[in-house]
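Shared chain: chain A. Partners: chain B in the first complex, chain C in the second.
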Partner chain A sequence: MMKRNIFIISFLLIGSALIYFTLRKNDDHKNPPLRFVSLAWQEGAIATNRSIVNEWNATHPNMQVEYIQGTWNSAHDYLVTTFETGDVPDIFHYESSVIIDYAMRGYLTDLSPYISPEMKSDILDVAWATVTRPNGEVGGIPFLIESLVVLYNKSLLEKEGIVPPTREHPWTWDDLQATARKMTKDTNGDGVIDQYGVGFGLRNSANIIMNTSISFGGSFFKKEGNYYVVKVNNEEKKLLQTIVDMLYKDKSASPASIGETGAGMIPGFFSGRYAMLVSIGSWGRQQIVENAPKEFRWGVMPPIKAQTQMYGASTQTLSVPKKSKRAKEAMMFIDFMLSSKNTARLALNDWMIPARKSCLSMPEFQDTLGGWDITCSAVSTLDVGPWLGAPGYVEWKSRVANPVLQELFAGRLSVDEAAYRIEHESNIVLSRYKKHGEVW
Partner chain B sequence: MKKTISFSKIAIHGLIIVYIIFLLFPLLWVVASSFKPTQEIYSGSPTIFPQQISFDHYLSVINGQQIFRSMWNSFVVGVVSTLIVVLIAVPSAYAMVRYQSKVNNAILGWILVSQIFPVILVMIPLYVLLRYIGLTDSLTGLTLIYVVWSLPFVLWIMHGYVKSIPMELEEAAVLDGATRTQVIFKVLMPLLLPAIGASALFAFISAWNEFFFALVLMKSPALATLQVELARYTGMEGQARTGPLAAASVIATLPSIVLFIFMRKWLTKGLVSGALKG
Partner chain C sequence: MLYSKKEFGQLQLLLPVILLVTVFSLVPLLRGIYLGFTDYRLGDPITFNGIENYIQLFKDEYFWSSFKIGMVWTFIVTALQVSLGLGLALLLNTKVRFVSFYTILILIPWATPPIIRGILWRQMYEPNTGAVNILLSNAGLISASINWLSSFEYVIPAVIVAGVWGEISKAAIFLLAGLQTISNDLYEASKIDGAGIWDQFWHITLPVLKPVLAAIISLTFMWNFNTFGIIWVLTQGGPGGMTRLPMLAAYEEGFKYGYIGYAAAIGNVMVIILSLMLFMYIRVQLRERNES
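Right after this comes the complex of A and B.
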């Protein structure tokens, strides 16, 4: 009898707990705030985001915003689930290449009617181009520009008597290769190379290769009628061959580049294992400022010239899901969040280029300390690759480009074999989107 | 002959030690990183043990993010779901073994089949269902999901274990005048305890480590679970706040390790018995 009572009491306790949690949750949500999912992850960036949200909440008691910390690694799965179920955040932070895909799939509110003339004119055209569909729909408001930079170890270059390039006299890829060869050496005479001219982060190299291909006159994606096809022409092949040669022919690029991300190469950069880090995101500067040994001296190079100095760019954005019932209010918050002053705060903390022209003229972004001057001056060399408008690009990048490029850089494919594989496998992926009639 | 045995024993023990080092190394690395200053973590010549002990990452974790609240959420969800799973699985397994019916095999088959579905496949229907009954963004909803997720495996383990207990024991107790309740609580329960302990540990650790359901279902920052909180230390393109992430991971691992130390005998005994005799 007693045992039975224990069972009954246990069930009652658990039942009560379930009811309590449910009721408590319902009480908490009588006057729901706007939900803002941010992907800021550095301490400084999180603090800035929270601070801006608090400033908004202090002045808008009837339109509060709840700050929700998202995560980069799971953002896509999280967002697609919310889009499909309808239980969406009102505002979310993400990046342009994915935003374009979401816009095509009808997940996003067209923000174009809500954009103020001041915001419209102040944000750089190249940034707008990353989020605007040909019909004028805007999938998100760009606020940070992600660009690739080349970082160099000042002490090592000085030791070899090498003068780094300037904005007026940029290096070509031939210059870079020649310097990399000179800097690659066995410093302690044990017969093993312990200093490489260059380190890349090629683990998931599609972004780097796509953005760099523009300077070689390539773009991988070409438009045929209403649809995109992938072509690996001589321009794209030249870029791939240059990197392969640096890895295997003159061996001036560290083999560690093959399996590492840009972030993973930074400790080797500190220790002098790589004299230059090529094609790392501009955010890499933050890691150096915060974590480098005190005596470490470094600099940022202007974009390396191939045919041109133009490189592809992408942006970080704030968007509003189509299923949000409060798009107008959400856009009011975005307008506040991405004012010129706040955009500058966000860019400084994330170590990326602000998308607003008014920010670029601020003294903070022309400072030589931290390489802001060179990084921000590269804005004039940024372009938008056609792949940003290609249906299926996100899937193509993860299913075709990254795996094939990994095999190429690991030495398992020749450039021609990789080119064939990319073209052949791309058409399999992209034809599915073509079949669904998805056009940019 | 004696020498050969000694040598093989030494070799086996040597291999076991190497294997243990292999298993423990990541844990050692995480613990060491949690005590290294940031500059040392990013040093080009890494060392296993910290050159300089720093508690900055622990302080950053404790002050900066909601690690303890998220641990509490994970703990509540883990404990409640484990209790419910055990309360359902034990009588169900007993009934399935002792009361033979035509549907038993179908149920066992379904338990196995249910393990095949990947999380991503069931996420959206589950979400819609939970939203319909008002249980998204609530620890109750998450608890129910964990119950449903762990129950089949726990039931499978318990089924195997109950089956391994001879029916004669119960019959003997009945012949001695025991009631059914007495048979269950005085004869069966003591024998089932190892399996219950092992199953409970499995259910708790599954809930404690689960990430995706918690990420998608919990919208309010106050309801985030530990694994979701930990993921927030990682950034784009392979970057992470390594020091704080290591410190938070050490804090997060402690409850599981303590629980495992206390229950490891039950775990091995329960799992092995269920697996071999089921």
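Right after this comes the complex of A and C.
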């Protein structure tokens, strides 16, 4: 009897659950809110995103927006699942290099017909270039530009009598290397080095290496006919060799750089273990403003010059999935969310470069405090890498570039060996995409 | 076919379970097997492509290197889990005080989900503030802190320690149950015959425990081969793919790169390899038992 009761109860429970879930959809009111997935993660940025959504909701009672908090770690799995099942958010926040991959797979609404002339002309060309396919299709609206910066500890440099570079007189990599050597020392005389010239965050360094390679005149990806090939020539090798030398020959780069992310290096920067943090995202400044000890004095350096001062850039974007049935409404919200005023708020709170020209001329972005002036003036030295839109780039980065670079910087490979492996393994990965006949 | 009234009643009661298993287990499983024979790639239509995936898999350096890592991981972790678990079970089987208290303590790591265990160990291994570095440097064993999970030399031992820790208790509990079935008379009789502790272990405990051991070894082996969560949280397969277990490789193929068909093929191959290995192991076990 007992058993039977349990079965009946569980049957009823399951049955009612099924009925509830099938009927629930019909219960919804006529105009469900637009769903907006945001990947903001810094406290200030989350607050700004939420308050912009609230402002919209206050003035648009018939077109409400629901704020959904996503995370960078799981965004890809989440989005791909929704694209496949059709239960998509109407607007989502992501990053240009992935967006382009999605666009090639046909997951995104082409936003080009919806873009207002004001938005079109106000957003920087370099930002548009990160999200536009050669046929003119636009996969997302760029609003924040991610750039790499060099941060330095003012007090430590002053103590050594070193004058930091200015926009007019930027440093070359040789200058950086020489200063790093000078700044590397054993301050308490116990025979162990406790202050390094530089710290990098090289755990997953493909992004850093790719974007920096442009200033060395390299780019890894070259187009041969209709297809891309990966070549590691002298320009690319020179960059890799410079970092390897700083790690192993000069020993002026902290060995902690090898396995850390940029964010992971920040506590050591506060404590004076590294005089300079090289190639960290500009958002890192927020962490410093927020968490640095009171007496900590720091600054931002203009882009380090190799052959040129040009660096690769990527953008953060808002996109609309193809399977969203309300692209037009979604774009109305994006228009509001990324107005000049709101873009400025988002950029200030995420400590990144705003993608709009009108924002860049605002006084907030020319402030010396927090290094905004130097960070934003680097806009003129940003470019998109030729790998943008190469079929298979996303896979290449995580399957080939990151692991091989990890081995290189851990001292398990020479630069030549790493170059050989990158070229060899690239062929394997990229050939999969050739088979699918994909072109950008 | 005609059912008696009683049978029909039973069938009715089983229906909810059958329904759930079919919808949530059987259908996805069959679909998964089928996808392994298609070229399904995210964003593309699905077409059947026979054994093409398997031909590609056979030549795939990335898969074989992760398979090798998977084997090393599975053998070492299984051996450690079972042997340490046996040790723990023997301790718990003695007449110490507060045995049930210890048993609960030992169960805690196993009751913790693998993801949480991974997060715990990641904090323990943290290079600057992690407990492992602080303990070792206070003990004077290391001079500079080690980034365990990013170092090519230490990452494998580090993840093995974390992996073994969480599952020892599983083996221990199974084996403890086995130990408790051994009658005390056997030990007492052997004592009269002058057997020492080691003799008792080798000639009584181990032989009686053998079927339980075989079962727990097979199960643990299977579970370890399919590990995903804890490694994903600890290293995501890095550095340089050193800890990319087969499950991680399949996940990356499917979700990260979008080759769902190929990922399903990896799953199919792994099931076959695992079944073959277990089949051989169990056959040897059975033969031994029949001989004795």
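The rule we apply is simple: the second predicted complex is superposed on the first by the 409 of 440 C-alpha atoms of A that agree within 3 Å, B and C clash if a C-alpha of one lies under 4 Å from a C-alpha of the other, contacts with A are read in each partner's own complex, and residues count from 1 in each chain.
In this text, contacts are C-beta pairs under 8 Å (C-beta built on N, C-alpha and C of every residue); 3 or more make two chains touch, one makes a residue touch a chain.
Note that the structure is a prediction, hence the values are computed from the model and not measured.
In the superposed model, more residues of chain A are touched by B than by the other of chain B and chain C.
Contacts of A:P293 after superposition: chain B is touched, whereas chain C is not reached. After overlaying the two complexes on the shared chain, residue contacts for A:E407 are found with chain C alone; chain B is out of touch.
Touch criterion met: A:G281 reaches chain B, while chain C stays clear of it. Of the two partner chains, neither chain B nor chain C is touched by A:T368. Looking at the shared chain after the overlay, A:Y107 reaches chain C, while chain B stays out of its contact range. Contacts of A:F270 after superposition: chain B is touched, whereas chain C is not reached. Applying the stated contact rule after C-alpha superposition, one finds that A:D77 touches each of chain B and chain C.
In the superposition on chain A, contact is made by A:R35 with chain B only, not with chain C. Once the two complexes are overlaid on the shared chain, A:R203 sits against chain B and chain C alike. Residues 4, 7, 10-11, 14, 77, 84, 203, 267-268 of chain A contact both chain B in one complex and chain C in the other. Interface of chain B with chain A (complex): residues 38-39, 41-46, 60, 64, 80, 83-84, 87, 120, 123-124, 127-128, 131, 134-140, 143-144, 181, 184-185, 211-212, 215-216, 219-221, 224, 228, 231-241. Against chain A, in their complex, chain C makes its touches with residues 13, 15-16, 19-20, 41-44, 61-62, 127-128, 143-144, 147, 149-152, 238-241, 252, 255-259. Interface of chain A with chain C (complex): residues 4, 7-8, 10-11, 14-15, 76-77, 80, 83-84, 105-107, 192, 203, 255-256, 258-260, 267-268, 394-395, 398-399, 402-404, 406-407, 410, 412, 428, 432, 436. By the touch criterion given at the top, residues 1, 3-4, 7, 10-11, 14, 17-18, 21-22, 25-26, 28-29, 35, 39, 41-43, 66-74, 77-78, 81-82, 84-87, 89, 201, 203-204, 261-264, 266-273, 281, 283, 287, 290-293 of chain A touch chain B in their complex.
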